Amino acid sequence: MAADKLIKIDGSSTVYPITEAVAEEFQKAKKGAIKVTVGISGTGGGFKKFCRGETDMANASRPILKKEMDVCKEQGIEYIELPVAYDGLAVMVNPKNTWVKSMTVAELKTIWEPAAGGKITKWNHVKAEWPDAPLKLYGAGADSGTFDYFTEAIVGKAKSSRGDFTASEDDNILVQGIAGDKNALGFFGLAYYEENKNKLKLVPVINPKTGKEVLPTEQTVMDGTYQPLSRPLFVYVSKKAAEKPEVKEFVEYFLKNAAKLVKDAKYIPLPAKAYKLAEERFAKKKIGTMFEGHAEVGVKIEDLLKREEKGF
Amino acid sequence: MVKELKAEVKKLNFYYGRVQALKEINLPIERRKVSALIGPSGCGKTTFLRCFNRMHDLYPHNRYEGEIILHPDNVNIISPQMDPIEVRMQISMVFQKPNPFPKSIYENVAYGLRVRGVSKREVLDEKVEKSLRGAVLWDEVKDRLNHLAFDLSGGQQQRLCIARALATNPRILLFDEPTSALDPTATLKIEELIVELKNEVTIIIVTHNMQQAARVSDYTAFMYLGEIVEYDKTDRIFTAPSNKLTEEYITGRFG
Amino acid sequence: MVKELKAEVKKLNFYYGRVQALKEINLPIERRKVSALIGPSGCGKTTFLRCFNRMHDLYPHNRYEGEIILHPDNVNIISPQMDPIEVRMQISMVFQKPNPFPKSIYENVAYGLRVRGVSKREVLDEKVEKSLRGAVLWDEVKDRLNHLAFDLSGGQQQRLCIARALATNPRILLFDEPTSALDPTATLKIEELIVELKNEVTIIIVTHNMQQAARVSDYTAFMYLGEIVEYDKTDRIFTAPSNKLTEEYITGRFG
Amino acid sequence: MEDIKKRIRITKFLDYIFAIVGLLSTLVGLALLFTLMTDLFMDGFPRLGYKFFASFPSRFPDEAGILSAWVGSFLVLLVTASAAIPIGVAAGIYLEEYAGKNWLTNIIEINIANLAGVPSIVYGLLALVVFVYFFKFGESILTGGLALALLILPMVIMATREAIRAIPNSIREASYALGATKWQTVQFHIIPYSTGGILTGIIIGLSRAIGETAPIITVGALTFIAFLPSSPFSSEFPFISFKWLFDPFTVMPIQMFNWVSRPQHEFQLNAAAAGIVLMMMTLLMNGFAIYIRYRFRKKIKW
Amino acid sequence: MKRKLTRKIKEGAIETILFLSALSSVFITISIVVVLSYESFGFFKEVPLIEFLTGREWTPLFAEPKFGILPLISGTLLITSIALIVALPLGLTAAVYLSEYAPHRLKEIIKPILELLAAVPTVVYGYFALLFLTPILQKFIPDLSGFNALSPGIIMGIMIIPYVSSVSEDAMRAVPMHIREGSYAMGATKLQTAFKVVIPSAFSGIAAAFIIGISRAIGETMVVAIAAGGMPNLTANPLEPVQTLTAYIVAVSLGDVPHGTIEYKTIFAAGMTLFLMTLVFNIIGFWLRKRIREAY
């Protein structure tokens, strides 16, 4: 019996459905000759394993951070950064909530910043005309890229948040929570909204640059008008692993089929050109990140591409 | 002297499920006398005794046939119409092994009264003292009525059980080998007590110790294989049994 | 006739933890005779008997003092240097309640041999048959040697236990009230068997049934409160006891 | 007398009321069990079919199955059983048949009682440090199996002791009286006669292990696994391979947990179906245990 | 003589193996203590014990972490209390019913079925609490949030009924029949006998059953992790979401627990707290159970 070929992937639960879809199709295409495991440790957890050399690839819903880069460097892990999809973070309330028409980033910050803990406990604490009803908050778990990204975009600093909200890595639990509570407010990936449209109500967020209220949709996320809560999703491939034929094959398969599979997974695919560039990037084994080691909010796909072209 | 009957057993049959343990038993029980039941192990003494307070009703598949008439009310205590609780309220029992409740000495004696709804402290106090005196235990425990009954010696525990039974003024008192778990001194005390008690209450006692039967009882019934072989005045049974089996048993040639 | 001793108990003391159960016991055990131990409940008969095969070693805190010399080897079977397993290989025991193993009749009898490392089928077959014949059980069970021993009646079970004990050719056979759980017919059979067995093996039997002691034993020791009060030929003990206590016990005036 | 009769009527009435209350209290638990089963069955029953058992997980709910999960559960239990049974039974035998009454025995006893009450997640933490990081077994079948073995070890020990304690002393004495050694007594009597009770305890322990989620999560086995571990048989000598011990795995409750956390409603149905399978497995195991207990009780009546 | 020697060696070897097996349980406990203390020692180097024990906020993964364990302890105690309020009376009543009232056949059927309650995977209970019970409760208590302590507490309570009832029932069954007969012979009813005689006689066994129930409730994980909401919340209000020690450990473990980081150490600090809490109850339970065994 030939030695088993095993590809280990871990990381963001947001990116998980995409990678899972690719893994599933890939294993089918290979008739089981190559095995793929996909874990859900959260972006942070995924990078930690990745940088210890325990996994071949990391799923990430934000770019790698300086701290994580250092660890990787220490362990001699080099990586290739590949954007694979776009995601919008949706702010959601219960369908019975009649008072929220839209929200500004400032209002969201009032609600979520650390100082709000134990103080902003009613809707009217945020805005006087909102009712005197308890404010029940739901959000992604503290180890997730979603949490990092949301706090960065809203509060201004990653992982900076109030503590008294219901946190879960399990987005479906959040859906249940908001769906079952008239006074709830929460945030998570747009994909989950898509599947639970009848249980939840989307809140349009006012774009701080244009001052217009924008609902997150495929269109608004892609064209960059839904800001600051839309973001690119990545996979990171270890350079060493990329030398293994099975990993190489997997990544190529990933990028080639990404457009369709990302859609299947209810995310927003990048423009075809971006996948081309990513493929080239991988073929050339271009290591390092396009970001400076901190989460950048509101990176538009155009910017990314431009930066990318400059790089060559 | 005219015999005054307290109870009368008529054609009693008893079945443990399909096993017949008592066969066509007829027996008079005289008022304010001690009747002893003797016989080899397994002959049905305990089974018979437990019919009197419907103890068998606690377990399934047991069946009575016949009558045990209680005088002077003239009721059949084993008829299905008769409420076993009512029977037990009138006929008390003292068991082979002392079985006090895990409560204080006082509460053990008061238990039967509490079950009957008595809760007035004075009434209880009085009754408890009287019963303990009746069981010749009062002097030994009067200073520690609140102690756990388990702290007493085996003989004291057995007398406590007698006091407990006395407290409810039973009409008949049943004893099932009450001294078999006790040492000779304690046995002697209980025997004296039984002899004294018969002035107030009718007593039926099961014993495997023939000397004991001879010492305490007025009448003795010898049972064998679920039947009453012979019934007579105790001295007659022990000196001049009319049945060969009885004689053999009494002289220790079998059993 | 010169007395031939099989064992000799010298100044035996036995302690359950801090409780002394046997006091300064001296007793000769004659070869190929039946010695009976009688006495009231709790006097130490069982305790004494179980010294002979070091049964007390199974439980902690038990302590022997003194000697039990086994002839002709002249070893002290209760000395700590003596391996209890070796003792038990020579001295077998039959218990109060029949306690066959939940195995086949055959395996019950063969067990002692298997423990000794015998596994040849022919040897086992032969020994099993011989032992079962010795215990007068062969005819009753020869067609169902593979049946579970629990299927036998109480008396048969007890004879099976005797066969089990015989199979290993013990030098001494101990019986602890072997018939107290049996009915009269079964008792009779076992008693006959014991009388027969003494032609081959030395027997010590504990019994609370004085008639039984009289029927089966050659010598009788009367124990009381952990001591041997009187020891003599059985007929002497029962007809002319020299000790008052013995006499009272035998005539049923206490116990 | 009338007074007493009235009193009897009252107490008997109370007695009657309590009989009803007691029955109802007993039924609360059964009602929950019943509702739970009905609920699961209504959702999950249509999914149960050959395909469900023979397919790997998939992002398409109606293609997804529990193949890797039930195989994983089976292999993990295999490791659990091979680790917990010998040690647990041996420990039980030691405590009942060999141990003297001393401080060490006392410590071992308290200790086992305590282990039986340690939350399963604490065993997960222990396994994480000892098996994953210290022995470097990784997030493998071996780690998962050993974590669960820690969990059921006290149960196996207690069941063994309970079963051995049911053997009357007269049997031991009979054996010793024939010159048997301790081990002979244990080997020929204690073990055979307590097998029923021990088996019952083991099966109940395993049925609990199969449903355990928390310690498996702590050792980090929440993953998409769409393949089976390596085969335990190999074509080369010695024909048996232990590579599977170190393979990544998933188990039934984890698969269920994974499906429930998905947005699509259809996955909830899968989760319910997996729940049914899981419950059926535990119920079957428990039923089997009850049967064994019954059989052995019938066979050997002391 | 040689046979005797080999026998002794064999017996000794076997005894040693058996003894080591028994001793392994002690090693397990020692390793639990060592692992938990070692890892939480690292934690307490960074976080003062005082802050850990008195802080009122638990947000160890945030940018400005707070390490007060109180919200997790209060969450644990709150849910445990709810579970016990359900389980103890129901469990005891069921035990009395089964031991004193139920016909033998019924009991033989009901007891194993009841024990199945403890066999259902707790994940199943978790979702049942979240998706079935909570919505029903919300119909009666409009204020109830989607995640709350109440619903998992109730489910957990029902779940541990068999632990309580089965050990209590064993204890009551161990009360010798002759003690009951003493009561019946006085003219007592079943109810009077059960409550005045049987329960007091079986007291330590029943207490042990309660302790087992408490210890189970404290240690239960998945039900709360799923249905209570992952919100460290210093509250005594059962209608609010809370987080327990166990649920915290799972929540962090779900996101992987990278060796050596502070979040890795927090779960051991939480685990240590949990272990100590159950340890106390387990030991009390052990002594109580030992007492019943010695009583008769």
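The chains carry the letters A, B, C, D and E, assigned in the order they are written, with residues numbered from 1 in each.
Keep in mind that, in the parts below, a contact is a pair of C-beta atoms (placed from the backbone, for glycine too) under 8 Å apart; a residue touches a chain by one contact, two chains touch by 3 or more.
Note that this is a predicted model, so its numbers are computed, not measured.
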Remotest chain, subunit D as reference, centres from CA atoms: B
Highest C-beta pair count, chain pair: D-E
Whole-Å gap between the CA centroids of subunit B and subunit D: 51
Centroid spacing, where centroids are CA-atom means, of subunit A and subunit C in whole angstrom: 85
Centre-of-Cα separation between subunit E and subunit B, whole angstrom: 48
Touching two or more other chains - residues of subunit E: 7, 189, 192, 254, 256-257, 259
Where subunit C touches two or more other chains, by residue: 85-86
Shared interface positions of subunit D, touching two or more other chains: 11-12, 181, 220, 222, 260
Contacting residues of subunit E [partner subunit D, same complex]: 7, 10-11, 14-15, 17-19, 21-26, 28-29, 31-32, 35-36, 39, 89-90, 93-94, 96-98, 101-102, 110, 112-125, 127-128, 132, 155, 158-159, 161-162, 165, 189-192, 194, 212, 215-216, 218-222, 225, 246, 249-250, 253-254, 256-257, 259, 267-268, 271, 274-275, 278-279, 281-283, 285-286, 289
List of subunit D residues in touch with subunit C within their complex: 100-101, 168, 170-181, 184, 188-189, 193, 299-301
Residues on subunit B engaged by subunit D in the complex (per definition of touch): 83, 85-86, 89, 115-117
Partner subunit E, residues of subunit D touching it in the complex: 11-12, 14-15, 18-19, 21-23, 25-26, 28-30, 32-33, 35-36, 39-40, 86-88, 90-91, 93-95, 98-99, 107-126, 128-130, 133, 150, 153-154, 157, 181-183, 204, 207-208, 210-214, 217-218, 220, 222, 252-253, 256-257, 260, 271, 275, 278-279, 282-283, 285-286, 290
Subunit D-facing residues of subunit A, complex: 1, 4, 6, 8, 10, 16-17, 19-21, 23-24, 27, 32, 35-41, 170-173, 175, 191-192, 194-196, 264-266
